[in-house]
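To keep things simple, chains are lettered A, B, C and D as they appear, and every chain counts its residues starting from 1.
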């Protein structure tokens, strides 16, 4: 196992907003736990071996579920359903009571595949249902699977249940089964960590905390969640098979709702967006009832009480407690000093031709006419300023171009070809990047990770390649890393790469969003009031940066209130009022324009 | 056969509707869907049986003490599980804090009250067979609550303040309305409604600790179908669900009935995510 | 009863006020004052921070710095205390409770008052706006934009303010209705009530106000009596940023 | 300095961990006591039998230890509450075998759990006595260490069928089981046996124990013309709701079935005492009093011994008696083989011929570990409970 992958593996995982590639520090805790786990059976007491086996099996499931709940932010509470499914699939196939008996490991594989399929089925509602609704749906699904297991007597043995798969020679003993489960758990840790450290892991966090920005970066929530639901379903199915072997005999009563709660709480106590936190959470919650045997009846109460305490006091969970690097005190006097020379590698696209044209675009929300027959053009290599009082349709125009709203009339063309309306996901593919009026960032992740999200569509590696860290995945990561460091240096935030994004000041967040947009090597850049909340000299430096970006061939649309910035850097200015063009021309023409002055002064 | 389907269906449906109204009452002033709604229903039955059967109090005293107990649980819910997480509403921490509190309530009840369904006292003893008390009481309770809420919202200033906070929280705060007191009062009121639901359902569903999760799910379905915060939708949705479930119970049998209800819930929700009467989601960007 | 305009201690004194939304700092150290019975206009392009300043004053959003009203320091983040002291803020966007009747909307404005007192004040507020007085039982949602604006102003009047903040009352109103609403401000001044008028329409604001503050980019860039000659030109320069750039030909 | 939230959580979780760590049970030095593991479902659904057995077991342990123990060694009972959950049962069994190194295990009491732990105990060859009735649990080849102290479900089934066909002489039978592991299999085999013996099974159904309203199933049974309702379930809540519904429907039909029909809990759950008439539960000759109201002498001796020490009114004598017999069987094996070695205990039990326990006279051979004699299984009137004993059902000689 080449060292760099090992050091790289948990880099994003050790704690939310985990530190840089640095020393092997983040690997240490995993190695420690793994060595301790290997030594456990030597203590001679098989009881603790069995408990550790159960913890390993639960971690196989939780490591997959963690990507959905911890990283993706989807509240999948009913995951015992897939454990039940995997257990019964493996047992029925291995037991051979319905079909001719299948060798146990093949049965385990089929259980995994079955888990993957049903992971998708359980997960799909997440795409349409709001969080509380989805949580209720998965809970409902969990009760249904148990009841089907009860009712389908001739296959599942109904209330009687059926024996679990009996594993061949070395794994039939407690210690043998333990080492098998430990190996599977270690593999699952590596696989889920490599997904977490890949662009898909970052995509999940983006969906969780900044869904609108994720769309702008071309991260498709549907495709990503579908892949992760299948991935986590496979883990849950395999865990189900191993669980059936550990139990030696399974009945519907074994798959209790408390198990679902245990999986869910171990992730939340462990901490969102982390691998180590939920791993520790799972170990603690599995061992807790064994220590607290006299109050066995109270174990579920303890779980719930722990969850409440964690949610109220440290929402970040154990991971947040352990994440010291991400929270180091930042020196407050640092200033944003863009270095436009670093733009060279990022803006190599230089698209020529007619740029983006809006033709007779009209759009109204209910009775209010937001845009009324607008014609506008963004030429490559030039800055087009858009100003006007509140409610004049500036931001709505930008949202039409980037596909967030669909106009009732008119259309948008790019380089002559018509652009389908209302598809924000597609605009990243067309080389069109944007920023937002209020910065949309992932507070938990580092500045570098936030920026790398911008380059999502430029990477070519598929999900599976990231799972197994195949060459194309590693090439993508290296390219994204390089681009991100260039982009951060270009906007002047190079020193803050490994800080948690929520530690940044407001003005730094503005420049962070621009860096994220640069990751797309954009042909067009749409800026939505980037100067709001900046100090005077920060506005000057922003102006120079935007001018440099446009000089390298990128067409820029600048929506702004700050009239001085507009007149300073724009090649062309359009003034909107009540959704119609009041005036359009060079900055000098606009400054003398009678209506503009009165519209601004409100004659 | 049809008569008993209708009577038990409307009875169970009225209980689900009341739990739906409990959800809505909490939601209107805090934008939080709390897992404790079903537990309040369960406590209505358990406390009622505790006060009247175990402690032998007169029925009316037992009823009032039950409502007081549930009101206290409502107060604690707001204090412990809602107020601390309100500021991070978009992180949906409220789902976790209310789930944790609901689980704690359920475990304590399971340990102190036992895990077998305990008997619930016979209150008035009026009616038998299809018109037995345990069938018309929940429907009467539901009607009484709906009427009571209508009076509260239409006649009293506090009720109108509720509607104002529910419609435009920011404007209500700017106008100087005591937003926190109103939220606490709405959670206490939700506790009382949940208590009434459980008490009225006592004879039908007995004093059973596992009624909590059952009511949580089946009380949520009418809210989801009817649209968040919409009591009229909750009552219609609840009654329809109750009759559908009993119909499935009679025709297909217990196990498949709950599968049928769940499938219906998922299909309708995927088709109409914000519910039949609900409003579409606001502009995102 | 018209209090003397030249009382030395101002009714409202603001020193070193900072405010914003979360990380975004909008206001950078605001100092201003309003005397009893005075109409002050607050002008400036949008995005300058006018509404943020008013919300910070009335306690709807958190703030740092001092806000003294009638000699007493107001606690930040407490709109109820400010209202009880007499500082009433009618927020922009005529946000009425559409489900409730006109009367209910007004009753809610007097939520803390005794029933009788509340009734009296509601009638008193309706006295200013006969147009909505006869629609008192209609649902507020059924009213036109202008009538809704009158209703929210009336809600402010129910609290018998000593200082009334009107935040962009003219937004979305026809010129006739704008004059109608602004005339109420003039009547209030006669009764000694101070008014802070946040306005986009400079001419109408200058015609009504005694004094003017102009804001740009989160700071006060100009303060002057309303009648001062050459004021419009000075405002224009203030809006278009620092003079160094490209001074407007006057 | 206000206690920052982070220190508070670190402090409290640390303290919680320390307090708990203090009480782990790593393998302690093997003291000379005879350790008996007891897998008890004391809480959780269908915990009624567990509570009854527990009283008998504790009474027997104290009685033997008071009398000087066995060959001078005291008996130590290690109880783990499995809550009827197979996962907790597997953990508890592993702890008893590996960590506490028990000499014999009594329990578990529910079928779902026992199906999970029996193979584990067999692999460790730990002597195991249990009262679970599912037939597949006893297999002298696969589980030579497992012995059943109670009758098997087949023996219960034979007794119920015999009473319906030969004593009550009814032809149309309705069979109801709950949805636990036990309920499903018992109802299925019962229906098949009735058909084999020429009766007509007009209705066969499994009801979830938590189903609040029994009218759907009761109405279907009446419409099918059932003359007797056979019930196989441990859920007293469900059974009482069926009895109440029978009274509501004014339907004169006898209930016959699982011993839990006669449990004290049902008295508090039926709305009127007469709702409990014409209900006949599986009983045992040793725990039934005849028309003269007297118990068999050996059983009366146990009732007298436990008087004042064990409450009998809210449970069943056979649960208590079986608990006592189990402990005494272990003590007898250790006393007569002279050691607590597992092989010795198992071999000793294999030689028992009509050993007079309080609950039954047990006979085990290396090929047959169902020790309870079928003829001692009788029907008893469910509502005739008196200190856990019942009147023989009408029609017995």
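Please note the rule applied: contacts are C-beta pairs under 8 Å (C-beta built on N, C-alpha and C of every residue); 3 or more make two chains touch, one makes a residue touch a chain.
The structure displayed is predicted, hence computed values, not measured ones.
Chain centres were defined as the mean of their Cα atoms; on that basis the chain farthest from subunit C turns out to be D.
Taking each chain's centre as the mean of its C-alpha atoms, subunit A lies 52 Å from subunit D. Mean C-alpha position of subunit A lies 35 Å from that of subunit B.
If you average the Cα atoms of subunit A and of subunit C, the two centres end up 44 Å apart.
Averaging Cα coordinates per chain places subunit C and subunit D 79 Å apart.
Counting partner chains per residue, subunit A has residues 150, 297 touching two or more of them. For subunit B, the set of residues that touch two or more other chains comprises 110-111, 255. With touch defined as above, subunit C holds no residue shared between interfaces to two or more other chains. Here the touching chains pair up as A-B, A-C, A-D, B-C, B-D.
In the complex of the two chains, the subunit B residues touching subunit D come out as 1, 4, 8, 12, 110-111, 115-119, 122, 128-129, 132, 204-206, 208, 210, 214, 246, 249-250, 253-255.
The part of subunit C that touches subunit A in the complex is made up of residues 20, 23-26, 45-47, 199-203, 217, 232, 235-236, 239-242, 245-246, 248-249.
Residues 389-390, 438, 504-506, 509, 529, 532-533, 536, 561-564, 567-568, 591-592, 597, 600-603 of subunit A are the ones that touch subunit C when the two sit in their complex. Listing the residues of subunit A that touch subunit D in their complex gives 44-51, 54, 150, 153, 158-161, 163, 174, 246-251, 253-254, 256, 259, 288-294, 296-297, 309-310, 313-314, 321. Only residues 58, 60, 79-80, 83-84, 89, 91, 95-100, 104, 107-109, 111-112, 155, 159 of subunit C touch subunit B when the two sit together in their complex.
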